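There are structures below to look over.
Paired with chain B in one complex and with chain C in the other, chain A is shared by the two complexes that follow.
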Partner chain A sequence: MEATLDPVLQVIALLAIVVGSFFSLIGVLGFVRLPDVYTRLHAAGKVSVFGAALLALAAVAVGSLGLGKALVLIALLVIAGPAVSHALASAAYRTGVPMTNAMRDDLARRRGRSLPFAQPSDPSSDLPV
Partner chain B sequence: MLAYLRLVLICLVLFLALTENAEPANIVLGLLIGVLVALVVRPAPDLLSIRRLPLVLFNLARYTLWLAVDIIRNGIRVARIVLDPKLPIRPGILAIQSEMKSELGIALNAHAITVTPGEQVVEIGEDGVLYTHCLDVVASAESAEAAQRTRRRLMEGIFR
Partner chain C sequence: MENILNNAIALALIGHVLLILIPLWRVVRGQSPVDRLLGVELASVLILCVLVLIAMFTGQDIYMDVALIVAALSFIGTLALAKYLADQRMF
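Up next is the complex of A and B:
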């Protein structure tokens, strides 16, 4: 089975697996290391989608997944992923989950309140808030 | 009526791509699902005309390609931040002026920003301002205006 595979396809699959796994790993690592809800959503919600899309491409190159099916799946992932992370971030902001070390908050300014969040450590003050 | 037909066809193609099975029974099933979806969704008429379809598809492909490059570039940036032992994040919320006219345009604009690693729309103002949470608000504030101009130019090719 292995010997019948096109070497070009194998190289593509190998690259896609390595890069896709790398970005999935980054997503998990970011989720653990980053400090608050908003920053964690960056890692979990999007970098991981990128990883999953590449792994799906690898499955097309060497596995039995059809190209059309994979493209539809990737499109659905890419459309639904940002919608989910936006919904979570918006809900977190509305319920007042604090941002850690926020440097700037244009949304709070528009709503006519100063930085609404408790600032656990001193944000660098040389930036406009 | 035409809008309904178009939606049914799109659903059918999606269904056939997902099931990878072009038997008559499966096509009938896909049509039924398409009709069901169309009845629930109630598509707005005249979203785009058939005559402009090739141009719109071309612009859509160009937009998707630009978005893919943007995602990869920012993905690498975020990966570098996460892997850095010092974790050099400067989080904050930045207001980006969308200036798209239709609701669909603003939604697509918000999606384009959110799908890019390191930036994500938290709230949309009534005036179409996108309040965007950034991992590195200082760097994003510098590049946001130019990026938004490119995004708007590409998206206007799709909608008008």
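Up next is the complex of A and C:
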């Protein structure tokens, strides 16, 4: 590793690594614990957007990664994460993966094709959206 | 200060490598096909984190390029598989 690295950058790198690893740990923990696909997607999204992006930031601070390349990596992750989660959620919904203890299913009402488990919520109980 | 950073990188590296096994277990035992695809996607993101940490630990920048490629390819691969699962056909 480089010898001459002023302490400020090292502290930033250390903090970014610790927080990044914490986020990926929480993401994987959520991935294991949450009941169905849709909530698990929420947990998996955290790992890619926060965990890897913070680690890339730490790599910039350590100096083993040019700032330009790190920005490309972080931009790719921040754009790719939600897009993949959305694609997986719509794939799960269209293949009929059931939602455990779903409170309401707005999509069923609008698309007219309600899945067996999802009862369209009656309009009176709608939130003033 | 230098070795604290090195130890932190090594610890994070070992932690992330162990974290990869959990989504892979879900891929083997997944309830629904989308579940298993999500496990593959999460494992690839964790592999990306491991690559970034290896780049920091060894100091070689070539691993960063590998991480970029893994990020791009796993994104496209997961999107294609999700579309295949949703529509039962690719194009």
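Everything that follows uses one rule, which is that the second predicted complex is superposed on the first by the 105 of 129 C-alpha atoms of A that agree within 3 Å, B and C clash if a C-alpha of one lies under 4 Å from a C-alpha of the other, contacts with A are read in each partner's own complex, and residues count from 1 in each chain.
By our rule, a contact is a pair of C-beta atoms (placed from the backbone, for glycine too) under 8 Å apart; a residue touches a chain by one contact, two chains touch by 3 or more.
The structure displayed is predicted, hence computed values, not measured ones.
**Student:** Of the two partner chains, chain B (first) and chain C (second), which one does A:A56 touch, if any: first, second, both, or neither?
**Tutor:** second
**Student:** Applying the document's definition of touch, where does A:L107 land relative to chain B and chain C: first, second, both, or neither?
**Tutor:** first
**Student:** Which holds for A:A80: it touches chain B only (first), chain C only (second), both, or neither?
**Tutor:** After superposing on A, A:A80 lies in contact with chain C but is clear of chain B.
**Student:** Regarding the shared-chain residue A:G20, is it in contact with chain B (first), chain C (second), both, or neither?
**Tutor:** second
**Student:** Contact-wise, after the overlay, does A:V47 reach chain B, chain C, both or neither (first, second, both, neither)?
**Tutor:** Touch status of A:V47: both partners.
**Student:** Does the superposition put A:L71 against chain B (first), chain C (second), both, or neither?
**Tutor:** Once the two structures are laid over each other on A, A:L71 reaches chain B alone.
**Student:** Across the two complexes, find the residues of chain A that touch chain B and also touch chain C.
**Tutor:** Residues 41, 47, 66, 69, 72, 83, 90, which sit in both footprints.
**Student:** Considering the complex alone, what residue numbers of chain A touch chain B?
**Tutor:** Residues 22-23, 26, 29-30, 33-36, 38-39, 41-43, 45-47, 49-50, 66, 68-69, 71-72, 78-79, 81-83, 85-86, 89-90, 93, 99-108, 110, 127 of chain A touch chain B in their complex.
**Student:** Per the contact definition, I'd like the list of chain A residues that touch chain C in the complex.
**Tutor:** So the residues of chain A in touch with chain C come to 1-3, 5, 7, 10, 13-14, 17-18, 20-21, 24-25, 27-28, 31-32, 37, 40-41, 44, 47-48, 51-52, 55-56, 58-59, 62, 64-66, 69-70, 72-73, 76-77, 80, 83-84, 87-88, 90-92, 94-95, 97.
**Student:** Contact residues on chain C for chain A in the complex?
**Tutor:** 1-2, 4-6, 8-9, 12, 15-16, 19, 22-23, 26, 32-35, 37-39, 41-42, 45-46, 48-49, 52-53, 55-56, 59-61, 64-65, 67-68, 71-72, 75, 78-79, 82-83, 85-87
**Student:** Contact residues on chain B for chain A in the complex?
**Tutor:** 14, 16-18, 20, 71-72, 75, 78-79, 82-83, 87, 89-95, 110-111, 114-123, 125, 129, 131, 133, 135, 137-138, 141
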